[in-house]
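Below, each structure is written out as structure tokens.
Both complexes below contain subunit A, partnered by subunit B and then by subunit C.
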Partner chain A sequence: MPKIISIHSFRGGTGKSNMTANIASSLALHGKRVGIVDTDIQSPGIHVLFGMDEENMTRALNDYLWGECLIEDTAYIVTPPPVKEAGGTIYLIPSSIKPGEIARVLREGYDVARLIDGIRQLVDRLKLDYLLIDTHPGLNEETLLSITISDALVVILRPDNQDYQGTAVTVELARQLEVPKMFLLVNKVPAAFDREQVREKVAKTYNAQVAGVIQLTDEVVRLASGGVFCLLYPDHPVAKQIRGIADLIVA
Partner chain B sequence: MTDTGIQSLADDELASLLRLLESEQARAHLLMNVVIPIGVALAYETEFDHLLERILIDAMNLCSADGGALYLRGDDDLLRPAILRIESLNLTCGGTSKTPLPAKIVPILNPKTDSDNQRSVAARAALLGLVVNLHDMSAMTGPDGIVAEAFQQQTGYHVCSVLALPLRASSTRIIGVVELVNACRPNGEISPFEPGMQQVVESLCLLASAALESYVRQQKLKDQVRDMRIQVDEAKKAKQVTAIVETEYFKALRDRARKLRTEKSTDDPPANSQGSENA
Partner chain C sequence: MPASTRDDLAALVKATKAAASPFRTYLNQLHQRFASVKDGKPADYIPELARANPDLFGISVVTTDGKTFNAGDTAQTFTIQSISKPFVYGLALEKHGRDFVNTKVGVEPTGDAFNSLIRLDEKSKRPHNPMINAGAIATAGLIHGADSTDRLKQMLEMFRKYINHEPQVDVSVFVSEKTTGHRNRAIGHLMLNFGMIDPNVDETLDLYFQQCSILVTSQDLAMIAATLANKGINPVSGERAIEARYVRDILSVMHTCGMYDYSGNWAYSVGLPAKSGVGGGIIAVVPGKLGIGIFSPPLDERGNSVRGIKVCQALVEDLGLHIFDCEAKASELMPV
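Right after this comes the complex of A and B.
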């Protein structure tokens, strides 16, 4: 059963953070303890989806990376009420939203190996059932290391020419790193597209399992970064789809 | 208006006001109970020919027109008749019927002079983007007269009144024309298309245009996905992958991955900390 799951996309704007929050919530709804690490240090954002008050964010992943605290000291419990009722817990390890901290990362870089060690420690120290890594888009050292320590990788892409080539390289590198499970997730698919056709084409092109084809609905657009879609609209077909995807990933 | 004001009106003025009120009420009723439900139904129509047929039949029914044609505008600035109906001749061409359309293609520009085609009622509506309402075409025939092409080829069919309405996809783009001919009074007599009814049909055409445009957009997307080519340059991919996997760094990473996957992650003993509560 996969414990560490990286959610990645070659390009930005694929809805990666949204999908990470939704998959994490779907898993936690089964009464599981789920952690999310926002490693998108340069442009953090997933905390917004859990309604986290930035004023109360006293510690962030950055502090751990600079060696100023333990990794578990940066974890916040952000469990939304429906997940709490179901007996689940969600921990979020946010990246700092302070411009000075972001600038420092960009200027000085950080010890990626320390990040990876921290992620592995989190699983044990917080007794997590699953840990999701919301990665920074693109291919860099941090992404490759995230894939290395992951039991499963979800690569998100949109039906967009600009996503195809980079996704192909990412998929191939993940294969070379022998990630045990890999899924593609096609997101932001226009409503007029036939989902099955998209699924077939993507699966055939990348020779990989397509966990889901998510259409861009009005509700999803309206919500944007306002909350976790699966929890707000649990009966919506997209919410049901995402729950199915979450189950498939950890099966 | 005060009671004194009403009393001071002459009887005929009052009667005229009442007629106006009644006609406005009837128009509001038509818009609310006929036009809007038709617009909703059009939006859900999934068959193109059915959609065209419904637009035309509903427009004809609204103003009791004996005949009607729907033209679609191509990228080549030609109006192509898509469907034609004449009730008194029991004639239906195009649309879902198997009967071919006899009517010819109408250029919006006059091909000989490259100037506006002012002879055709439909072309004029498309050109100007305005409704053309002619009470009696009989007076306008002749070599330079005005024609309603779709009906002209029906031997013995005489077009008297015409109402041509542009189908507008946006403020500037006309995607077609609905041409209605020969409004009929209940006694069968041909009459002009009344301005009040014209407004109602205009509203219907607005909704019809939106439904058509939405249908076309959806079709385009469907066509795109049918032709959706996921282009991956394999040679380029191999080059990009090789450039990464042949580095010492990547090789070390792969070794590390293998090692990690074979061993259980028991390096770090569990700690008591459960993280800090987020207020």
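Right after this comes the complex of A and C.
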């Protein structure tokens, strides 16, 4: 059973953080303990989906990376009510949104190996069933390391030629890094597209399993990251689809 | 994909896998655990070694598939000292073959200290083994060349293949060893007296002092050890440093004679071919798997690095590396 799952996309704007929050919530709805680490230190964002802002974020992943606290000290319980009712728990380890902290990371860098140690410690110390890593778009050292320690990798892309090319790079590296399971997830597919055709094309291009092809719907756009879609619209076809994808990833 | 891109990609993948390996975390913990050990003191027979900072401590491991793991002061240079001995022995074997070298230096452990003077087997006209100073000087005498520069060049070229970069000789340590090396000079001349080595003994002693003064890091040591573990081929460059058939000669003398008068105890408790130097270095070889290089200047009374010994003992225990351990389970920590 995969414990550590990296969610990645080669380019920004694919809906990676949104998808991470939705997959995490879908897993937690089974009464599981799920952690999410925002390793997108340069452009953090997933905390927004769980209603966090600068005000209620006293500690962040950055503090751990600077050696100022333990990794578990940076974990916030952000379990949304429907997940709580189902007996699940969601922990979020956010990255700092303070401009000074982001500047410090860019200027000084940090010991990436420490991040890897922290991720492993989180799984043990918070007794997590699953840990999802929301990675920085593109390939950098922390993304490669995250992929390497993951039991499964989900690569998100849009039906767009720039995404297609970039994704090929990620897929090639992930194969060489021998990640045990890899899934492609096509997101933000316009309603005019034939989803089955898209699935076939993507599967053939990368010779990899396509976990899902998700249509861009008005409801998702209107929600504008104001919450976790799957929990707010549990009966929407997209929500059902994402729940199926979550089950597939951890099968 | 062009070959260069493939190489870059392969190197990136290798580095990433090493960094993500639980072994890296383990090595850091090992470093933390033994950094607090304050026993022993640096060698003091020359001021250059006595000045070594006793807190410096580096642990490096290189696997036979070229993954490199470092913890602590692994880029700190120090002089290789006696760790050079098995490799010059290897070079002599390549130049002259096993039979001839066997007539010049034996393979019998003496149980004596590293600087023992008197054990020269007059009957066989050869020192007992190439790991004690007498044997190492006799071995250096087998590295023939046009002149002293040529002899040094050959030796440095041999070390380059093991460490994968140009080796440097620490001039102040060399001069210091040369001007105060009365005991080694005496050993050399005594062997000359018995007809055990060639007459150009002063040139040979210079070469010996130079070989001991080569600067290395713990990472270099791990690379050297990994090259032996990898049948004589440097696992990162792919270059052969020693003919495969002589790897067993080197490892055998390391196993029986590598740790001075602690060799028997070492073979029993650690069970890995190893070699220590008074500069604070230790190498240990796990054939087919990995090479270990440790640097920590404080030595015990036998001239072996205190922390170096402890680290090797812990690695053997935790990973089940003793070569004769038939009950060792494959450790999850094993980086290969």
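The rule is simple: the second predicted complex is superposed on the first by the 250 of 251 C-alpha atoms of A that agree within 3 Å, B and C clash if a C-alpha of one lies under 4 Å from a C-alpha of the other, contacts with A are read in each partner's own complex, and residues count from 1 in each chain.
One rule holds for everything that comes next: contacts are C-beta pairs under 8 Å (C-beta built on N, C-alpha and C of every residue); 3 or more make two chains touch, one makes a residue touch a chain.
Just so you know, these numbers come straight off a predicted model, no measurement behind them.
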Combined model on subunit A: subunit C and subunit B, fit or clash: clash
Which superposed partner A:I149 touches (first subunit B, second subunit C, both, neither): both
Subunit B versus subunit C as contact partner of A:T205, first or second or both or neither: first
First, second, both or neither for A:E108, with subunit B first and subunit C second: neither
Which of subunit B and subunit C A:P180 touches, first, second, both or neither: first
Touching partner for A:V78 - first (subunit B), second (subunit C), both, neither: first
Touching partner for A:E196 - first (subunit B), second (subunit C), both, neither: neither
Which of subunit B and subunit C A:D235 touches, first, second, both or neither: neither
Touched subunit A residues, subunit B compared with subunit C: B
Subunit B versus subunit C as contact partner of A:L70, first or second or both or neither: first
Contacts of A:K127 with subunit B and subunit C, given as first, second, both or neither: first
Location of subunit C clashes with subunit B - one stretch out of 9-17, 27-35, 189-197 or 207-215: 9-17
Where subunit A meets both subunit C and subunit B, residue numbers: 120, 141, 144-145, 148-149, 172-173, 176-177
Touching residues (chain side subunit C, partner subunit A) in the complex: 9-10, 12-13, 16-17, 19-20, 22, 24-25
Touching residues on subunit A, where the partner in the complex is subunit C: 112-113, 116-117, 120, 141, 144-145, 148-149, 172-173, 176-177
Of subunit B, residues touching subunit A in the complex: 217-218, 221-222, 224-226, 228, 230-233, 236-237, 240-241, 244-245, 249-250, 253-254, 256-258, 260-261, 265, 267-271, 273-279
Parts of subunit A lying in touch with subunit B, wherever the complex brings them together: 52-53, 56, 58-59, 70, 72-78, 91-92, 120-121, 123-127, 139, 141, 144-145, 147-149, 159, 161, 164-165, 168-169, 172-173, 176-180, 190, 192-194, 197-198, 201-202, 205
